[in-house]
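Alright, structures below, take your time with them.
What follows is a pair of complexes built around chain A, which joins chain B in one and chain C in the other.
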Partner chain A sequence: MIPPPVTLASCLRPSDDALSRELDGQLVFLQLETEAYFGLDAIGTRMWECLTSAESVAAAVGVLEQEFEVGRAELERDVIELATDLVERRLLVVE
Partner chain B sequence: MVSSTIRLDELDLATDTHVTLTMIRGEVTAPATWHRSWQARDGAITHRVARQDGGHIIELANHITCAVNEALDQIVVDSEHADADLARPLVHHVLPLVFAHRGALVLHASAVAIDGAAVALFGRSTAGKSTMAAALTRDGATLLSDDGLWIDDSANGAPTCRGTYRGVWLARASCDALGLPYAPPQPGGKSLALRDHATSEPLPLRAIIWLDESDTDQDVAIETRRMTAADLYFALYDHLFQLDPADRTRARSVFERLTDLATTVPAWRLEAPYEFDQIAGACALVQGIARQTSPGGDAP
Partner chain C sequence: MSDIIDEHRLYLSDEPRLEAYAAALTEVVRPGDVVVDLGAGSGIMGLLACRAGAGKVYALEHTSLIDLTRRIAADNGLGDRIVHIRETSTEVDLPEKADVVVCDQIGRFGFEAGVFGFFTDAARRFAKPDARFVPSHMEFLVAPVSVPERARDVAFWERPAMGFDVRAAISIARNSGYPMRLEPSHLLGTPTVAARRATTNEDAFTATAELTIERPGTLDGLGGSFRAELAPGVFVTNSPVADARIERRNVLLPIAKSIEVAEGDRVEVRMHFIPRETLLSWKVRVTRVDGAVACESQHSTFKGMFLSTEDLQRTAPNSVPVLTPRGRARQSVLELCDGVRKLGDIEREIATRHPELFTSLRDASLFVAEVVTRYTQ
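Then we have the complex of A and B:
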């Protein structure tokens, strides 16, 4: 099944089929269904934290905007790109 | 205790290892589909696994098929090969897979003991793990593992490790380069060396070295770089013996144990040209890391 597209209004949560753990500031994952592993660097890890704790992608971007010196439009693009990748890897699900 | 009607002289488990397992010859029906295949660098399938009738089927590249029963206490081996030709693939590939499914954490790695603690050598197939382990052993280390490294969790957070057989299988070129005898001829063109310099007893795992074959350009310097815990986790996962990667309960346990290992044991990537005349320099770096990480050492 093709997952719904990630938009600024999307609410995301970690997949029940994904194991994750932070190792020295970097998140590593194991997707139990696909048996694939994946990792995020420090910036990606921070984005994951915001995406999985905020009520929407837009709210996550709002938090990250305070932390990174980057324009809003570019940040939205980067966050949606990462979130889409994580959804396709079945590490995040769109609620 | 492993009881086998096939002679497995190489098998040498530590005295505190409790495995009740029977291995016999018999007929094995191949499954319709395979769940997972593993490939060598040239793309050839080294082995593949499948679930069948509650148990598991393992097929090795050299026409050896094994059926492991659901209770994990009997292996039926279907092969025309003589015992002498079967021992190495069974000890090398099949038993580590079964040990892993019985709950052990078994990784594809060589290891030596330096000053009473283990240094594990990881790397892709043909990266030189066995040759490096043999070279370090020739220089005074104790051989711990050639290919299958059994990791034991420890209550105090310091993992220990052990090998599953004594000795190291070496190609003729490695024996010649290290001045080791290449005899008697063995199946697969390799010779089992340094059996008298090996131990099967568990030892604390002090450091992990990742052999990273660099360009064969002789001007490339031999160097080491610390690996991040995340990089180490990915590397370890790639070198895991798994009989059934789809088993979620075991996958969760393995994830916990591998990430624990990645945060507990320091690791270095050793980049060196894969040339025999570079072994001495590479060994010196490994010995230096062993000293740095020993109690009282100056670990970076």
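Then we have the complex of A and C:
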């Protein structure tokens, strides 16, 4: 099944089939169904934390905007790109 | 020092195991069959297969034990019917297809010693389409257990050691399986089959079980055991309640925090096996008789693995690997194995090329031996 596209209005949560563990500020994932490993660097890890705790992608971008010196449009593009990748890898689920 | 010989003594003195394998091979081997014994060890499966009527046995053993295996076969007058090959089954090329494939790479919980991977590969590469596999199916049993001595081991990391904080290991400890021999006295409920799988299918799978607490106690985790179907109606098991239990330990899968349970409480178990990665995840939910959820615990050996930042950096797609001095020496050995040079010449050349690693010809020879026994024929 093709997952719905990630937009600023999307609400995301970790997939039940995704295991993660933190290692020196970075996250390592194992997707149980695909048996695939995936790693996020420190910035990606921070984006993951915001995406999975905020009510929407837009809200996550709002938090990250306070932390990173980058324009809003560029940040939205980067966050949606990462979120889309994580949804395709079945690590995140669009609610 | 080696405990290998003692390990094989234990295998050969485990009567329930041997009797079950003998019965199974008598059942599935037909006169003249070609049998492959994976991970032959002392070679007992091949000997039993010959007794059952096999025309030829390929005994695969990738360690130096193969010489003993060969000698035992010869001493029993079966040297001409058993072909010994020092190779792992996943790398071997056999001159003919097998009618029967047998192994005991089962482990303590039915999957971690590799049977699924070995049989899936065998079915694809060197077994006949109608080949029989021994064991053919694996059942995974779980039971609620109280094992205070082992629970203390899991909780060990919560306290300082010599005054030092060692709690960094807690997560690894709670996400690891612990080998132990379970006794009926450890059980708070009956071992229950959570899944049954054909051994020629190494795909990941999910197993579930609903357990009932049958006597009150402290629930420390799940006790895992297996029941392997060797042939129709012929089983081996390490279940603590089996009459003919084989001499193999079980595994404790801990929960995060031990909890008191009462008769009638329910324990829901959901497990996910990834045989290819030898990974196991387990979720446990304890529900009281009145329906209240008393505890939920989620674990995975993925979180129990020792992973280092260095490993992650080294395996990142954008990293640029650079050979270490020993890596360069290994590369040299492989380059020198050109099908012309003699081993003695290679050893001397390696000692000359890598003086920073080898202070004597003997050191270089040992290194070369390690490489050539693994990568050359």
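The rule is simple: the second predicted complex is superposed on the first by the 95 of 95 C-alpha atoms of A that agree within 3 Å, B and C clash if a C-alpha of one lies under 4 Å from a C-alpha of the other, contacts with A are read in each partner's own complex, and residues count from 1 in each chain.
Rule of thumb we're sticking to: a contact is a pair of C-beta atoms (placed from the backbone, for glycine too) under 8 Å apart; a residue touches a chain by one contact, two chains touch by 3 or more.
Just so it is clear, the structure is predicted and the values come from calculations on it, not from any experiment.
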Original post:
After superposition on the shared chain, which partner residues are touched by A:Leu8: those of chain B (first), chain C (second), both, or neither?
Top reply: neither
Original post:
So, A:Ile43: does it touch chain B (first), chain C (second), both, or neither?
Top reply: neither
Original post:
Which of the two partners, first being chain B and second being chain C, lies in contact with A:Arg21: first, second, both, or neither?
Top reply: both
**OP:** Please indicate which partner A:Glu35 is in contact with in the superposed arrangement: first for chain B, second for chain C, both, or neither.
**Re:** both
Original post:
Residues on chain A in contact with chain B in one complex and with chain C in the other?
Top reply: 19, 21, 23-24, 26, 28, 30, 32, 35, 39
Original post:
What residues of chain A sit close enough to touch chain B in their complex?
Top reply: 19, 21, 23-24, 26-28, 30, 32, 35, 37, 39
**OP:** Enumerate the contact residues on chain A facing chain C in the complex.
**Re:** 19, 21, 23-24, 26, 28, 30, 32-33, 35, 39
Original post:
What residues of chain C sit close enough to touch chain A in their complex?
Top reply: 171, 204, 272, 274, 276-277, 279, 281, 300, 302-303, 307-309, 312, 316
Subject >> In the complex, chain B residues that touch chain A >> reply: 36, 228-230, 233-234, 237, 245-246, 248, 251-252, 255, 259, 262-263
